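Labels for the chains are A, B, C and D, by order of writing; each one numbers its residues from 1.
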Amino acid sequence: MEKKALKIAVIGGGSSYTPEIVEGFIKKYPEMPIRELWLVDIEQGRHKLEIVGELAKRMVEKAGLPIEVHLTLDRREAIAGADFVTTQMRVGLLEARRRDEHIPISYGVIGQETTGPGGMLKALRTVPVILDICKDIEELAPNAWMLNFTNPAGIVTEAVQKYSKVKTVGLCNSPINFQKFLAKQYGVTEGEVLPEFVGINHLHWVTAAYVHGEDKLEEMINGGKDYSATNVTAFDWDADFLTSLNAIPTYYLRYFYMTNTMFNEMKTSLEKNGTRADVVSRVETELFELYKDVNLSEKPKQLEQRGGAYYSEAAVNLMHSLYTDKKDIQTLNVRNNGILDFLPDDASIEVNCVVTGQGPIPIPPQRVPEGIKGLIHAVKTYESLTIEAAISGDKGIALQAMVHHPLVPDVAVAKPMLEEMLEANRSYLPRFFDGK
Amino acid sequence: MEKKALKIAVIGGGSSYTPEIVEGFIKKYPEMPIRELWLVDIEQGRHKLEIVGELAKRMVEKAGLPIEVHLTLDRREAIAGADFVTTQMRVGLLEARRRDEHIPISYGVIGQETTGPGGMLKALRTVPVILDICKDIEELAPNAWMLNFTNPAGIVTEAVQKYSKVKTVGLCNSPINFQKFLAKQYGVTEGEVLPEFVGINHLHWVTAAYVHGEDKLEEMINGGKDYSATNVTAFDWDADFLTSLNAIPTYYLRYFYMTNTMFNEMKTSLEKNGTRADVVSRVETELFELYKDVNLSEKPKQLEQRGGAYYSEAAVNLMHSLYTDKKDIQTLNVRNNGILDFLPDDASIEVNCVVTGQGPIPIPPQRVPEGIKGLIHAVKTYESLTIEAAISGDKGIALQAMVHHPLVPDVAVAKPMLEEMLEANRSYLPRFFDGK
Amino acid sequence: MEKKALKIAVIGGGSSYTPEIVEGFIKKYPEMPIRELWLVDIEQGRHKLEIVGELAKRMVEKAGLPIEVHLTLDRREAIAGADFVTTQMRVGLLEARRRDEHIPISYGVIGQETTGPGGMLKALRTVPVILDICKDIEELAPNAWMLNFTNPAGIVTEAVQKYSKVKTVGLCNSPINFQKFLAKQYGVTEGEVLPEFVGINHLHWVTAAYVHGEDKLEEMINGGKDYSATNVTAFDWDADFLTSLNAIPTYYLRYFYMTNTMFNEMKTSLEKNGTRADVVSRVETELFELYKDVNLSEKPKQLEQRGGAYYSEAAVNLMHSLYTDKKDIQTLNVRNNGILDFLPDDASIEVNCVVTGQGPIPIPPQRVPEGIKGLIHAVKTYESLTIEAAISGDKGIALQAMVHHPLVPDVAVAKPMLEEMLEANRSYLPRFFDGK
Amino acid sequence: MEKKALKIAVIGGGSSYTPEIVEGFIKKYPEMPIRELWLVDIEQGRHKLEIVGELAKRMVEKAGLPIEVHLTLDRREAIAGADFVTTQMRVGLLEARRRDEHIPISYGVIGQETTGPGGMLKALRTVPVILDICKDIEELAPNAWMLNFTNPAGIVTEAVQKYSKVKTVGLCNSPINFQKFLAKQYGVTEGEVLPEFVGINHLHWVTAAYVHGEDKLEEMINGGKDYSATNVTAFDWDADFLTSLNAIPTYYLRYFYMTNTMFNEMKTSLEKNGTRADVVSRVETELFELYKDVNLSEKPKQLEQRGGAYYSEAAVNLMHSLYTDKKDIQTLNVRNNGILDFLPDDASIEVNCVVTGQGPIPIPPQRVPEGIKGLIHAVKTYESLTIEAAISGDKGIALQAMVHHPLVPDVAVAKPMLEEMLEANRSYLPRFFDGK
């Protein structure tokens, strides 16, 4: 059965990650031929789009593949008839991220891009924009899959699933990183391992780590083998805590399990190095300098230091399995549908799925430690309220979301902090400020 | 159909509350005749038992009722053949409460008798003692109802439901206080109002306030009618917060919704007045001075200032409805059984029940605000882990309970705090220290 | 708090049951004063409406009460501003019932008014008419309660709950009959007993029979005390079956548990006496002869032989509890909302409820025998499909409903039987036949 | 990572199916090397075991593989240290099957080996024997997987999961047959199709039929492509019924959806050809004649006519995936664990699973037609009661199981039929008759 060659639209195509996804498309070309690759960006991103777009063209040319690379500011042109649309964008650019990180710290609260008040404001800015894109997809490419790795990916994916008809899957690089780490630890291939993930995006636990069908979790925990990602400073987990938890928490859980420690580290780092946004800003400037080099026609090694390692590999793998009906197991953000029975059916969760040509089918985790259910539920509560606030522009609902976030300790903190953050994002929040 | 006169055993009978429950028995005598009232205490409480016991005898005598009042240190004698057993006790006495309140504060965490680390240690001390009592009840009074108002009442009740065959109900004075308040606000009798409670002990919300079948909740919230109890300093809730919450939180929720504010208030008060335990200690001394007066033969007015107002009324009402198969609605701590569908069936919850002669039948709340589910789930998670720790004496489980309590911000805080608190309670925690 | 006097509309007011409900209103008048009673019927029922309406007037007059009795064919006039609307009607009159009973028998299937194919056709005829009435209520009396005792009451009530905003409760006389029977058996008042019902309308089991809070179920089963209603010929249940079932099945369960026996009995009776419709027809003729007597000014004793004994008492009790916020327990057809956790939330079920001024709050049964869940689920499946068929006029869905009814043994029977029954009801089923 | 060669025990090794499983082992040898194959049978089966065992040895020899084939009547010797144990047996032999088929027909009820009263009695005989085998496995091969294809496979598997610690999976050839059929219809390999199954053993529906990720279900239904197995006479499904059902029912559903038709066909066939047991008996005699031929050293073609085609292929596939941690999708009988949310967690269901080295992980079906839930629930109810009866030997529970089976129409039929069937199986039902 022959399948037609694909059209792919990358929203936020001017991103510094683009060379990675292009590399992925080139590698998979024999099994997943692409006819057209559309890199889309907005006016403010035109310059970056041009630089990275030219690099993409050089990469394709060097590979000798008949992929047409299009650069455009016209989103609808890119989406029309696409088979896959990926979204990787930052509404408000790094400037907004800077504020998301700064303001909470000044109130004594964790200031982070995807977790806590920072993630909430990012969601409020992003959800309406994503839903606008979805309207275009509904109209111009109703059969397309939208692969979302725009953060906060769990919230954004849930919003699309609730308020649009677009077929969507949310993606994070955290699971694929763990899988690679596990395979490396045991000297086997990625296909020979199967970690089991429980939770929601940026709030998951590894509850089993099968290698050739044998669970190595306890060995990993007790052997002190620790897992570390590059985009969050590494702290060692307390060994007694890990043993009694009997699961490996994702890096982002440090914000919840080590709130004081992380807050202090952040505050110190902020004073010394500026926010993470500042750091990223410097790295990006350097990357784009590299990209400009007309002799460069492959993904530069430095990109791997950028933080989101393997994001694009995850995305390309997913497209590939959807395209070929591969039926392999990937960890994705999908509609709950009773898998975690204490969450609503329409909540997005991050779990292992079998990826068929019809889409991902979530697999129920074999074990959900009792202890973690409350935290998952509390954060999901905050997430759902945040979506409701983003859709309605209702300040009261936003206040409820903020107050019910486990990292926000007091209504007396939440209220002025929310006011300040909404005000600082005024130009990105028309639903909160229009007609007021 | 005639019913036999009752035997009642009050465990912790030397409590300063005893005159209130005796008054209740006297009032209900025509409908619920009592033959024997056994006040039991332990050796350390002998002196108080004698004082309050003599007062009880004078009260019964003055009322001219044929109730035999027995004072004893022999628990089994009191329990044998009882129809109702009530438990109101404090393992470790006020000295332990003092530590429960002090130590967390020194770690920057809320130090409170029933909420947070203090409540956890109180549970670890109390659960094994209560289960010992239950063994006696199973053997000597297998048909008795045990009415538990020993705190933390939710945890203690759940432990009994999980680890004993004794028929038990947990009780708190908070719901009856709200009911009386609501009736007073609207100038009607208590029978004409019906507040709807959702949650678990000391973590509940009023989600409807029916007066003659009409819901006055919104009016109460917007009218700024606030509800205040006497045993926790009153802060005003933020009006915007309350309006968007669309529910009235119980007083104990201030520890969660206003953590910083409450912590600071506690710390200041601690420095000025000592702990709440110190205050109670002074009040109790005064009360027992009054009780000694051989001319006193009724409950003194000063007892109403003590804090647990209407606790005994709630208890007597419950016995009365069980005894007469009254089928009225009371708010009680019972087994969940699917009522809150996101909690395990065997969790204890605090909801409205129809009280029949067979026991209370919980009524599903008509509305559970999405926003509060996460917090309820998180605290219930901590509670269940605490019970498991109390039963097993397993420090790892205790650490998990502590870390997953929403008021504990960091493993790096939880671990040394737990160590210090366990050590300080060593003599009350044989399961944690035996053979070690 | 004074409440205003009521306006009540009785749809199907020309029914022979009307004197019973009028008697009920008269008895409860002191606690529930009625200002206007509207008896409504359709043109074909005008004659009966006039006869029974005049009797109603004489009854009110004799009681000396200021209730205005209005007779009308204008439904909207009757509904406008009503506090309660009751519906008791038979779309297609006894002629349709005759067909519902006859046709299935000719296919070897139980032919009964509310159970099996007969009940299905009755539902197909009735649901659209009821929903038309509901539209009037939504418009003209949006705060009214609709008390439905139009059969099949479970299906009709579920349809209203799914497809209308009208506040509705479904009613059957079967539970009140059992309650009276139980009270009589034990020589106590009805208030002193509490049977527990599990199931759906005309398919319920008594799983507990509390008398003064003590469960007498086993005693009743083993003592061979049998419960019998007057509108279905009595067969004795097999004693071993009843003991191992450990519940008392409602009369209608004989169609399921004794299908052959009931079928044969029905067939024989049909040949001898005609259908039940024929019998009822004769009884009704006699009743209306009595009603015509201008000297009659009370409910005649003969009405009690009619079959639906205590239907009106159940209805008046319900209105009274809703009006007075009585908070007593009644067995009603209400939205499931998770009470029976294997059925959809929006299924109607028949269980005990606390009746407050806000409406009935269902109480979860304390025990649901595993054995009966499958049968309940199977019949509810049929019911939901029937509603969907009635709304859509889709023959395929109707076929699925028919085939999945436990009493229909074969697609090869279901299909022609359905065809014949639809055809026979053509004039009452515009949604199935319009434009075809 | 090297894996050790396997020991396999086949309980009921004297079965006529054995050559098929031996053929499967030979084919998969390169990926799944077997060291020892133990064929076990009981004394009555000694003759057949010897015949088929010698054939097995000749097959292995011809293939030139170092598999040791052992024949034994000592079950414990065969089980000790085994990696896989398969069970394929018939307690009571064909004689009992004959009675299971005959007796119900004489009461006007479907008489079938696995469905209805016949299946129930088969379960009552088999469950205790299987649990005895499980005790041996627990003791002698605690890490072994037991692959059960002893019928009624759903009930037997559920019994093992409830009453033993043995790791078990239930297997039926029906799903693999459909998969092969689907692949053949569309001219693709089996790996390129994915049918979705919903239900329980011998009571499932195909609700999706993916070919390269595209659902062909509607096309199959409307195109009239019908699926037929060889061990049940083929009737055509009614086209309108199938279209409105929007799912393809398994062959065994004809007993439920076409009860009259099937009953009549069975009765006629019984009179003409004897029972299915008689037919099988004749086929088996012929097969064993063939097996005796010392020149035969491969599976004879005639075996494919026997009825259970591909049973062994299903079993070998499952072992292979468990052994190699293959993570492919197979349709198996496993513990429900919330997958079908209206059934208990510990019910066995038949659904798609991902087979890892740890065992099968069930995948929630994407769609469960509302209409079929009731029937699944009703049959599962019967199954669970049957297990309870088999374990306890309680006649009352057996009566409840029989009465609640959807194919049994009347307590008045169920009771004498059960009595007669129990009596006829007396020697196989010690738990029902001991001490009585």
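In the analysis below, a contact is a pair of C-beta atoms (placed from the backbone, for glycine too) under 8 Å apart; a residue touches a chain by one contact, two chains touch by 3 or more.
What you are looking at is a predicted structure, and each value in this text was computed from that prediction instead of being measured.
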Any chain that touches subunit B and subunit A: none
Distance between chain centroids, defined by C-alpha means - subunit B, subunit D (Å): 56
Centre-to-centre distance between subunit D and subunit C (centres being mean Cα positions), rounded to whole Å: 45
Numbers and ranges of subunit C residues touching at least 2 other chains: none
Which chain pairs touch, all of them: A-B, A-D, B-C, C-D
Subunit A residues within the subunit B interface of the complex: 108, 237-238, 240-241, 243-245, 257-261, 342-344, 370-375, 377-382, 384-385, 395-397, 399-401, 403-404, 406, 409-413, 415
Touch list for subunit B against partner subunit C, complex: 1, 188, 192, 194, 208, 210, 212-215, 322, 325, 327-329, 337-339, 341, 354, 356-358, 361-364, 366
